[in-house]
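Below, subunit A partners subunit B and then partners subunit C, in two separate complexes.
Moving on, here comes the complex of A and B:
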């Protein structure tokens, strides 16, 4: 297994190295689907140039990276390509180990459920076998590394790759059961792009499950566990923010990073829903809708944690997807991260209802993005509505994908308990619907 | 081309107390200046662009549209509020939309626009500069400008300034300059000097009948009748440097009473001087003076010499995503190099990337010795870039900087958004070395138009150059779609919300299979009737 992983890594690094040396680098670095004002490499270079000129990078409205990223690249600017390839490799290896560990957890849970006879007698086809689960970690690494979205993000040197790596290491630390490391990396991820704060809930539930703490709001052990994790996370976040203050001796990075993410002043087109909505918004309602859209990202965390309290890894996947769809400046790098988890739910294939339609929607809108951008911006024969329509199609496709997998997941759980061959009152095959 | 300047001094104290004599100085402007504690004010309205290669050096070039720069007194505590109030007051005074000057197009230059009058200290936080390249000059702006003159447009040279002739020109620039000057040699007290300048370029072929002659009557459809009684000096200077006395190439009527030789912009020029206070100039019959010039030989008009210092600016790139602003600065002096101070103001919606700034001279990189860059803040202030660049002799320096075009909110686009957005001209200031010794004696009688920029050093003269204003297109959203966009985006969010709501709140249940076809049709009909189904 390790050998195939190394082979996959070598292939991935080769592909990226070849693209780095080709003439496509300029073209890819400018694509608005791949880079956003938050993570564009051009703006990192601009921030470094402003720092050299003696002007604070946050005095203008161009640079929205955190001070730690700024200083990281201040020292590593000459090795930027290696840094981004290393980030991709780290993410893939971390996700590989996560999938491997998670398989073991799944298998152990299944064995316990069988011993306690929780499952219905006729669900033998739904049970997961080690043979079927053997190749999942490699598939996860493969899905991440050879996903065109990931390759484009790496070649464009978008700092989304760094964010993905930090989130992957955070998930790895969570899966391994280390609360402290998990809190540290979650703080780093939230420090860079704010939205990973929502991943606090699935991590908490996973750690509770790992340490055999019953998830019950009235039990003191759980509350203590929650408090401990929250204190560690908030403490790390405070330490990192204060460190950033001391790096540049001012708090001006806060409105430029978090203020920018939350108030969405820059309307550069991207694959998300925010830009055109706020370009066409009546000024009077702007604040209201900004608040609504931002709350929408964090809104599903609590209901999901109630419904999926026993399945924190799936919760993590759904939460990552919601962040990638509804965040203020999404890029294809965010989409690639949650898509890497899809091989883990291969066994749900029989319950997916719209997978063909969704796949077609996603592929066709991904292909049409650059075409309609060119027609709007360069050819002048289309207008912004065309690009906006593809944005809508892409986001609807993503939403349908996640909700389809969610449906399949809870349907499988239902069938595991109730049995596969369900009969209705008159003896015929039953229809199972969500009511 | 003809150029008129009226200058007058006024004995006015520059102290805080309001002892003011408004004999010659216009009261409206004087009150504005004292109310807003203005030390120096320079306001110009320009229509057209001065073509250096065809018309030679301008006496006073101005930026296209409206340009206003002001030095405030050091007693002003809140410069930004005073600036806002001043622009609004001037907007009313000159009937121009100066109220469009706000923080998004105002900058505080650090090195350009040093004061032209007497100064004590130069803390540049009291300086404000703004330009509105989109503004148009029209009769409405000329009338208040003429009202500032002591005789108005009733007597003196201003009689010629009628709007219907002045605006049929290739270039029209009117400006107002107020600055403090020393009253005497010892400079114990200062008084304010108001300079009003009007530059017009008439097209001989468009306005005349095509003959190689011009006259005051042909240009202005009026002649000079009486001199302004308040004027101590009223003179017409005609540039006759190109005339060849031997060959008698041109004929002046009435013949020039005297000729003055002086240095202007590094060159010796000779001027025919008509002193309008001299009653013998006027014709006895109609008591009017019509100066006419006729070229005798069919010689080609002299093409002006290649200027020593020239600049051009243009936008390159294609598409609505990115672009590049290129400035070409020429130094045509055969052996002297000199530094030039370039100031660029770019609106915030063209996001400049300073790391893409390239300055090349003769193929090699040229690093500026002073660079001040203030990045823009969205919807707050524009980019300000000031650089001191050394120009080697006989060279072309190319300065390029890349920018990215922003998508604005639909309410922020001006009417006719596809016309584009104007970028104000960049300002280049330099002390150009002259090949001859310039005259530095200020007491000697010299044409008034050379007095605004006095040369301290005999070997250099000050030139302020303005480049072209740029017109840049930005990507536009569809303006007819706000309701549709809100509905569609909220629909997508609702699709997400609905799916998750269903999956989170509902559970799986077994439902009874529905009946046969007959039952289905019956249910359909019952539903149409509004009755509950079987």
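Moving on, here comes the complex of A and C:
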């Protein structure tokens, strides 16, 4: 398996290296679907230039990266391409190990469930076998590395690749059971782009499960666990923010990064839902709608943590997807991260109902993005409504994908307990329907 | 969300017995459901009841999730497939033909909402001057061979414009029928009318091509416009009157020099088509046909948005061929039809039809030569100005056609 992984890594690095040397680099670097004002490479270069001149990079309202990223590239600017390729490799390897470890956890849980006879007698086709699960880690790494979205993000040198790498290492630390490392990398990820704060809940639930702590709000062990993790996370976050203060001797990075993410002043079109809305809105209602949209990202955490408290890895996947869909400046790199998890849920294929429609919607909207952009900006025969229509179609496709997998997951759990051949009261065959 | 058990057969009384189960995975079971007159619920003890869904959500979820309704819809679509296909095709073609009818087209259309038609004063009355310039232009043009550079420079300087010339040369990858040489040399002539009080950072370019087509009337009109504009004083931007040699090649050379870039090095890099999927179901040709039809739909949708005529021609010809592609009966007929509908045959037939309709019929040999010339011109256009027609047809449409060919010859 390691050999196949190395082969996949070599192929991925070759593809990226070839594209880095081609003439497509400038074209891809300025695509609004791939870079956003938060993670564009041009702005990083601009910030570095301002830093070299001794001016604060945040004074021009152009640079929105955190000071740590600024200093990282200050030292590594000559090797930028290697850095981004290395980030992709790190993410892929981390996700590989995560999938491998998670498979073992799944087996253990299944064995325990069998021993306690929790499953219905006729669910033999639903049970997961080692043969079926052997190739999942490789598929996860493959899905991430050879996803066109990831390749585009790497070639455009968007710092979304670094965000993905930090999140992947955070998931790895969580899966390995180390609460401290998990808190450190979660703090780094949240420091970098704020929205991974929502991943606190799935990580907490996973660690609780790993350390055999029963998830119950009235049990002191769990509350202690929660407090420990929260204190570690907040402490690391404070340390990193104070470090950033000492790097540049001012707090001006906070309004430029977090203020920018939360108040959405820049309305450049992207694949998200914010830009068109706020471009059409009256100033009077702007604050209200900014609050509504931002709450929408974090709103699903609580209901999902109640519903999926025994399935924290799936919760992590759904939460990543929700962040990628509803964040203020999404790019295709965020989409690529949660799509890498899809091979882990291959066994749900028989319960998926809309997968054909979703695939067609996602592929056609991805292809139509540059076409409608060309028609709007260059040919002048379309306008922003056309582009937003494609954006809406893309996001609706993503939401359908996530909800389809959610339905399939819940349904499989139901069938495991109740059995596959459901009979109603009068002995006739029954269907399971989402209501 | 709750999962409900439906009994499709229904109870004897016709009531639908609905047992809704809330929650997902509980570690224990509560008491079995107690049926009341119609609806009963049973709760697992460990889960939290979720808020009720709204009516629109129910409607939406019903359409996508209710298996009975989905089955009915699917059956309807499958039964009416052929009539629907016919109707859509005929509707599309007749809608396009309808574009030629009076109510749908406007012979003259101005879309400038800042310009009210009552506020326009017509002041340009120098049509005769334009015609005389045109006659002089064509006379000098015939004398000088291609482009009357000295005469243009003299005329425009005489009008009071700042006149310049620009020589350029381009190396073509192969000599084509029209130019018959590898290197194309030309001269652009342009005159600048400076705006008196503006910084010359932006300008408006009025241009006419000279050389390939004898376009002397347009050149005459441009000179007459130049002389008229020279008489006005309130210009906000500079105006450049450009006579470009060799049509698009000269235009590109002038723009490159103006913007100080080099676009001929940047050739559109086209990704070749991805390979066929290796795992196919038992009815392999059906999967292949599904993929190729979806791919064709996506391609046609995208190209129609950018270049409508190309999309329409491809759609009208390839869609019947794709719909009929099957390995089953009359394989040779279908293969022949597919060959007839391939892009190159369509191009040949279009050339023939065009010449027939222009009442200038040509022989088959001439038609073939024109076909080769058209293909060579499109390759040249791609090389010179990154036009996407040729790479699009070769790299995207032909693989689709090949997929359909594979479907027809499936064994």
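In this text, the second predicted complex is superposed on the first by the 433 of 435 C-alpha atoms of A that agree within 3 Å, B and C clash if a C-alpha of one lies under 4 Å from a C-alpha of the other, contacts with A are read in each partner's own complex, and residues count from 1 in each chain.
Note that in this section a residue touches a chain if its C-beta (ideal position, glycine included) is under 8 Å from a C-beta of that chain, and two chains touch if they have at least 3 such contacts.
All values derive from a computational prediction rather than experimental measurement.
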item: When both partners are placed on the shared chain, which of subunit B and subunit C touches more of subunit A; value: B
item: Which of subunit B and subunit C A:268 touches, first, second, both or neither; value: first
item: Contacts of A:80 with subunit B and subunit C, given as first, second, both or neither; value: neither
item: Subunit B versus subunit C as contact partner of A:368, first or second or both or neither; value: second
item: Touching partner for A:422 - first (subunit B), second (subunit C), both, neither; value: both
item: Contacts of A:352 with subunit B and subunit C, given as first, second, both or neither; value: neither
item: Touching partner for A:15 - first (subunit B), second (subunit C), both, neither; value: neither
item: First, second, both or neither for A:310, with subunit B first and subunit C second; value: second
item: First, second, both or neither for A:247, with subunit B first and subunit C second; value: neither
item: First, second, both or neither for A:342, with subunit B first and subunit C second; value: neither
item: Intersection of the subunit A residues that touch subunit B with those that touch subunit C; value: 303, 306-307, 407, 410-411, 414, 422, 424-426, 428, 430-435
item: Residues of subunit A touching subunit C in the complex; value: 22-24, 118, 303, 306-307, 310, 353-354, 360, 363-364, 367-368, 371-372, 374-375, 379, 382, 407, 410-411, 413-414, 416-417, 422, 424-426, 428-435
item: Of all residues in subunit C, those that touch subunit A in their complex; value: 1-9, 11, 17, 19-21, 24-27, 35, 47-48, 50, 53, 58, 61, 64-67, 265-267, 269, 294, 298, 301-302, 305-306
item: Subunit B contact footprint on subunit A (complex, rising order); value: 30, 42, 45-46, 48-50, 53, 55, 59-62, 265-269, 273, 275-283, 293, 296, 300, 303-304, 306-307, 325-326, 376-378, 380, 383-385, 388, 392, 395-396, 399-400, 403, 406-407, 410-411, 414, 418, 422, 424-426, 428, 430-435
item: Contacting residues of subunit B [partner subunit A, same complex]; value: 318-322, 348, 351, 353-355, 371, 373-379, 383, 406-411, 475-478, 481-482, 485-486, 488-489, 492-493, 495-497, 499-500, 502-513
